[in-house]
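In what comes next, chain A is part of two complexes: it sits with chain B in the first one and with chain C in the second one.
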Partner chain A sequence: MGDVKCAFLVQRPQYKGETSRLALTHALAYQTVEILLEDGDTVTPTLNFVGEGVLGLTKGQKAMEAYGITSTESHLKNCLLVDLDIYVCKEDLDRFGIKEDQLPDADEMGAEKKINVVPFSTIQKNMEEANHVLFF
Partner chain B sequence: MGKLAMGVYPGLVGSACYDFALKLADAAANKGHKVSIWFSGNATGSVKAHQKHLKDYSTGEKYLTSLLERGVEICTCEACTIARGVQKPEGIEKIKWSAMHWYLGSIHAADRVLHIGGE
Partner chain C sequence: MKLGIFVSDYKIPVDTLDRLKGDDLGIILVLNGVYHATIKEAGKASDLLGKYSRVYALSEDLQTRGLTPEQVDSKVKVVDYAGLVDVIFNDFEKIAWL
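On to the complex of A and B.
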């Protein structure tokens, strides 16, 4: 079967519901799926944020202090640390007045990946190239 | 025949999506397709056994039991389930408990994926 590409598309704001968070944790699980697959088989996810899904991604979150739960920021950093490709729609960031430098990185953890702020056309390309698109 | 992987996230009560998912799985299994269902989020509350079917509410148990008897593979997210206070011994028999990579594994094997992302 080889590699199966999955595009995770997050359309809902973080913290408002559970499923926008579950998109991150499910995408992260690509790191451990290989124990269930044949040799050489892989799952490659992309994590794409569009529409209201771009809300709740900024750095400096205090979710543990406020709600007693891990923050979306920490999940994003973990995703970067395991080389997961993250794409955030530039048009939607602009629409909500969010600047690119407000998004977190995981430099202090040693991650090489950065969040990619991209036009929607790039996210559409990710969807077209994926074997499966998962809407959250 | 084909392989269908379903991811179901909405809760049993309060959304028609869950009901739809089980009926679609039933139709696919009846046609001879191999079906797998992954429960995550609020859908995991539906794996608790001994549900009473009150007619004002959707019910999952009798449909899940029927699907399991016909070879449909059903797995619940263990973390999501225990976070809702449901322990494995209280669950419907033959439903698997695992982590999120189980869903990605079933996606890898599937010809088609139907992902119902929830509310």
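On to the complex of A and C.
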């Protein structure tokens, strides 16, 4: 099987429904999936935010206080902590007036990865290189 | 008709809101509808903000999304859950949810 690449695309804002949250939790699950694979087989996910999906990425989210659920921000930090590659469409950030410094990082948790703000062409490339493309 | 309309999405898939007429229409932004209060898409505030005499946004839904009071457009009054109950009972005769 070798390496199987999965591109998760989040195109809807968070919280109103479960859909976009599932992209994050599914992508995060790649680490636990590995215990079920044969030696040498791997799964490599990318998490890509486009369109309205970028709206749920700002830091300072208080979902636990208001809704009693883990915030998207926490999920993103956990993704960074396990070295998952996260890509956010620059054109869509610009369209909605969201600055790059509004995006969270996981430096305080010791993560080395950061969110990548990229042109849509990079996200398109991630999709082309993936064995499976999953839209949320 | 004093109608209060809950808007819970940023992109609204129906055109009902555009077709409603009346001086006493009000919008209550909740869930992902609160992005109308803060996002300036292509540098322009949401069209909803200029159309209705009263626009409210739920503070808990703003906070959940990491949106601060400073980001909220001046046309929008931010209310918490208790304030929202007052709005529903005191400001409108009817309530609808889109």
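Throughout what follows, the second predicted complex is superposed on the first by the 136 of 136 C-alpha atoms of A that agree within 3 Å, B and C clash if a C-alpha of one lies under 4 Å from a C-alpha of the other, contacts with A are read in each partner's own complex, and residues count from 1 in each chain.
The rule is simple: a residue touches a chain if its C-beta (ideal position, glycine included) is under 8 Å from a C-beta of that chain, and two chains touch if they have at least 3 such contacts.
Worth saying up front: this structure is predicted, and the values here are computed from it rather than measured.
On the shared subunit chain A, the superposed partners chain B and chain C are arranged side by side without overlap.
With chain A used for the fit, chain A forms the apex of an angle whose arms reach the C-alpha centres of chain B and chain C; rounded to a multiple of 10, it measures 90°. Once the two complexes are laid over each other on the shared chain, residue contacts for A:96 go to chain C alone; chain B is not touched.
Contacts of A:73 after superposition on the shared chain: chain C is touched, whereas chain B is not.
When the two complexes are overlaid on their common chain A, residue A:6 makes contact with chain B while staying clear of chain C. In the superposition on chain A, A:43 makes contact with chain B only, not with chain C. Contact with chain C, but none with chain B, is seen for A:65 once the two complexes are overlaid on the shared chain.
Once chain A of one complex is fitted onto chain A of the other, the partner contacts of A:81 are absent, as it touches neither chain B nor chain C.
By the touch criterion stated above, A:52 is placed in contact with chain C alone, chain B being left untouched. Between chain B and chain C the least C-alpha distance in the superposed model amounts to 13 Å.
Common to the chain B and chain C contact sets on chain A is no residue at all.
Taken in their complex, chain A has these residues touching chain C: 13-16, 52, 55-56, 58-63, 65-67, 71, 73, 95-97, 102. Put simply, chain A touches chain B in their complex at residues 1, 4, 6, 17-19, 22, 25-26, 28-33, 35-37, 41, 43, 45, 132-136.
Note for the complex: chain C touches chain A at residues 8-11, 31-32, 35, 39-43, 60-61, 63-68. Interface residues of chain B, counted against chain A in their complex, comprise 7, 9, 40-42, 99-105, 107-110, 113, 115, 117-119.
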